[in-house]
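Labels run A, B, C and D following the written order; every chain starts at residue 1.
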């Protein structure tokens, strides 16, 4: 496939230098369906990025599309203030019946604003209010968002520097396997908490991703998550699971923490919760934590009604039974087998993942970028992650077919070979 | 009109106590068109709140609706990563041709995430990065958002307390007319800046709303804004106009600061920029400030493509000529006349406003709430604002007809009378 | 008098560039008595600076000297831990009998460490602990010390910049007469406190100097101080008077706030409290504020016993009756007359002061430095103060004779003339 | 010995509840000589605390006493402004000739104010200014002082809570042997520094004590200190050794870090530097770091001249040759042998130390307090340290005789036995 350099002029002249993804994928995309995007020149791309995990059900999923168009056609409420609407009620009831009740999760639901970072900000606020402490513990290579509250618990030095003020009130602790198993889990964290002379400000909460997506596809073991929950209970800290990228079925179950049989005190969801790429997020918490005053946290787009419509449709279509979870795990095995074969040929690479989120780490960070660049030329969209962009990240839609998955994995294998 | 208490159960049992607007308007809304909403029991409401200013073109505006459905039908890209898309290009070109060029505004455009607070966070980050200073000056009764960066420059004590950490790096200064004209403008601010012993940390920027919406419809005079711009230039501070609620034509011109003939260094837009109630925001800044590194500020929903489609359609439909501005100013005069008459009868009230944003302040804050409650019973949606919710806020769609406006204003007059 | 350039080498080669006073007074001082210092070349200087106010009773005051030598000779305890000692008891009893009881002041006494900034740090800690709030209000051109807590409530931009971190948790308000009487007192401060939307973090306390020494000899009026006390009571804020430089009789009464008939919640004393130039400080507070836990604030040199000896001797010698106060006020009138005459001849200068602290402000800041430099040549030690070092500061020992005062004032007049 | 309850009334009624040492030692001390104090009832106490390490040369050391009285008799300058004086010059020259030159140490000397916390504040300011970063790394159980800057790098949770504001800009790392040798030194610290995604704000400096006195007599190994210095160099961080309690010969050499053959970038000294218990401190730093502006850090008592006199006399008397160091090491061996014997009998205790600073840690913290209480009854002054006051701390004057040492150690053994 030959790609003519697209006419990017208005992007280059008018849009800020802060733009990023468009730099690695120099195409102007026009349409999309399922796992495929098409650019304005008619080139087709297989999407192994899925809107950074916001399109778990694929692009323009027909079931959601129908519901959305119907809603718009009938002049449903479109704005996002937290008024009571029929669309919101339908979503809440569906979320309760399809997600919370079957899992015996007691959560209250908050609409904190439509983006992940809004949800994280609300989670941190609530934890601080409940515990009356300022400090929050996060983990090495965590990513929680770009507004100041979320950025303070995000690891990436480059992003942090953008704050323009010192980011305080957060302390990083080592994520699972940070020392390759040579140091007992939570040794450092627990000593600091127990030692009255440690200098650690007692944390209100711990915020964690079960799999760090931006951080390089670092997978926390179930026993590590359980031990973390146990530590939080023992030390009177709230456990916040940021399930923005890994929730909504990405790792198999609807919540990524189900596998570990833990029940976090607070959970954030966003990205694929609307199912259609539309901004929406949730903050869930145990009912006894619901000490918010009315309007204490607000925002114009908290109740994105069109997103509620597609979200409810997605839950009905994919989560009323256990098929989605089974399929994701099966697709995950397919990926695992392929990566095993690729890494057998490429000794400088190693892979890791769960469900349908996988990463291939290269010793030479430049190699990961080269693989993604070559993949783009071959019509496959892949992104890097990790502190040095050293990990190629696989994040296909959960609805990807085995054939598409096979196609993409073969292309990946070719890219790895050709960049050797 | 008799309203049966609606079945709110799932809202009350499942949704967090933080919900707010739904408490004042105990109805479950279902559909909307233009300036009218309909609840599930078929009651109709005249909307003088317009999604807190996010529906300047009315609910489900037919022009935008057509464009949106077409886009969805043809499987346009829906997710929000900052990839180049045909929808984004169309929006950027339209924004340049219809808005920036005719006004001779040199701005670069950043998509900072889809909510107002995302835009404010990016503006503050950029200002701090450019100037290498942490401090930002805001004004009494300012409202800029709920994430930690924005909250630190927001005045409301109740919202601030929700942060759970001390909010620092911001200093409030008196907004225009804070002392009813008895103190020269900027007397205090300027002395602090000039006096090397004042104790004020030199600010990177000043952030201001031209009309404070949440703060109680406080209108800054054009000469005050000009003097502020002049002060910023003289003291090497950036001027940020937060035009999230007052931009997109709310006060007449597309930008609310046009009337004052100032050119802020940074401008934030959100709410009505998508035109259809969908989350979208912009951060505009002078090209010499565009020192962002690629990806230094990012986010999943920055490039909400369906919103670009409605945004471009709205700009084409309403801003290609000066009709919209003229109509808004005419409608504003209609409101002013009505408020003049109401306040003539009600000596404890006074009013203020510009374009189609108006406020009626009551000496007794409870009266403002009573007026809004009575209005709801009579099928008119009104909200309060101000530090003590003492101001009834009028924010009808800009597309409201003179008849609708007249109807609403008559209802308002009745509410004022009946709550006396 | 001709002064040969002294051999400063070890100061220049070994001591840090941070040294300051020694630069303006290029002499190596050797001995001192009363109001006079002698350098190693035998030149004599009349001291109108008095160790920045730490030698109110003159250099090597014979009464204190005798007590000190006796104490050292008899091997009294010299170290400073807060053990009970006979010297400490004698000081406490004297302070109670001579100072607190006659003034009906109910204060508890804390030894917070031997410097002024230690005392201020302890006062701020206590206020924050009592009120459970972080914020403290200080005033324009305030000076409270160089450690981080004190520096955050100090106005001078140059000193603040030395912190190397953003100084937060403090907000400056205009000191008395900051706007030359054109704005009502506390207009801005009170509005901010009353307006729930002002954005001011509610302060735990207000810290104030009755006369700002470093800030340029700005004298607060008694009615302003009373109004400030009243505001603090009304708004539930503690009033801290930093009497480090102005206490111990500098303005007439032992405490500088006596004239205003106010009773601050917390008072800091240092500088002349030991009477002999030795490091010592006190933090006084109303008994109901004494919620310190044992050892919650500590330090090695809190209980400087030799300083207790000279402090007790000074209180006995100078404060057992009202002579000292009367004499200071009389000497103050002598200064005032002289300054009146000088300023009559020099229209670009104005003067202000109370008791034995006076300042002459020049329109051209360089002139103030020139006056001090010329005074040094003529054997008179004077320093500048104010944000631009535009004020010549007169701070002679309280024990200065009328003849010495006259001599120094005549020299000052000559310096003003000669630098015209 | 029977001790009658002393008349403490004025301490109890007038002095703040914050007083601490006087509670454990209910006597009113009057005189002292060498290693012995005498209370007002004539009881004698052997002093194994030495003013918390501020009396390394014993109480009222005759050599220093003579010099001090001579200085006072001849009306030497007593106040502390940083004017050039003959006493200051004599001290600087002595310090250069006796301490710096023989050790080939290139330091500039700053007088930051007379207390340890003043010195730490100045060190932190300078490090931040030099590196342009806010963050500083300290160690678990560190103690650096009570003013806000120093407190932020102090470990003790009880002291930290006294701040009344969140203490930020500091991050604790594990001190040597924090995990009993099971984790490689600096594993965590180094990973955080190297990992661009760790979330650690890059530190300007690391501040460390070679032996943590307040923290429980935790002794850093020489190789650990060397590795720390190496890490600082590699990662462009300044190394600050806080030698306030361990310097001035406490561990043998004049500086406690000499044994490790490291050259810190910045060193703080206080406590025994004056030699006579008088407040004095120094901040030493490499000449290339001397970027202070004149007066950027100041204070009234920076140049405590009487303290300079005793300090110079002490350096001349004790440090002109290597006798002091040899004697301290010999005395240290005497202590070690005694502690070995005591711990052989008492299996729940263990001991550690260097030079003449030793600690005995008890499994039951109450036991350590009981030992000290019994010691007081037997005429021996001992204090506890450690996060739970679980360590009995031995800190006799360096000039203690072998007989006194033997007497005290036998008393200690008795106290351990009697509290079993």
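Some points to look at:
The working rule: contacts are C-beta pairs under 8 Å (C-beta built on N, C-alpha and C of every residue); 3 or more make two chains touch, one makes a residue touch a chain.
These numbers were taken from a predicted model, which means no experiment stands behind them.
Where touching is counted per the definition, the chains common to chain A and chain B are C, D.
Across A-C and A-D, it is A-D that has more C-beta pairs touching. Averaged Cα coordinates give chain C a centre that lies 30 Å from the centre of chain D. With centres defined as mean CA coordinates, chain D is found 50 Å away from chain A. For the pair chain A and chain C, the distance between mean C-alpha positions equals 58 Å.
Shared contact sites, meaning residues of chain A that touch two or more other chains, fall at 134, 158, 165-166, 169.
Partner chain D is touched in their complex by these residues of chain A: 134-135, 138-142, 153-158, 160, 166-172, 174, 178-179, 183, 187-188, 191-192, 195-202, 215-216, 386-388.
Residues 6, 8, 10-11, 14-23, 25-33, 37, 40, 49, 51-55, 59-60, 65, 68-69, 72-86, 88-89, 92-93, 95-96, 108-111, 113-118, 121-122, 124-125, 127-129, 134, 145-150, 152, 158-159, 161-166, 169, 204, 270-271, 276-279, 283, 285, 290-301, 304-306 of chain D are the ones touching chain C in the complex. The part of chain A that touches chain C in the complex is made up of residues 165-166.
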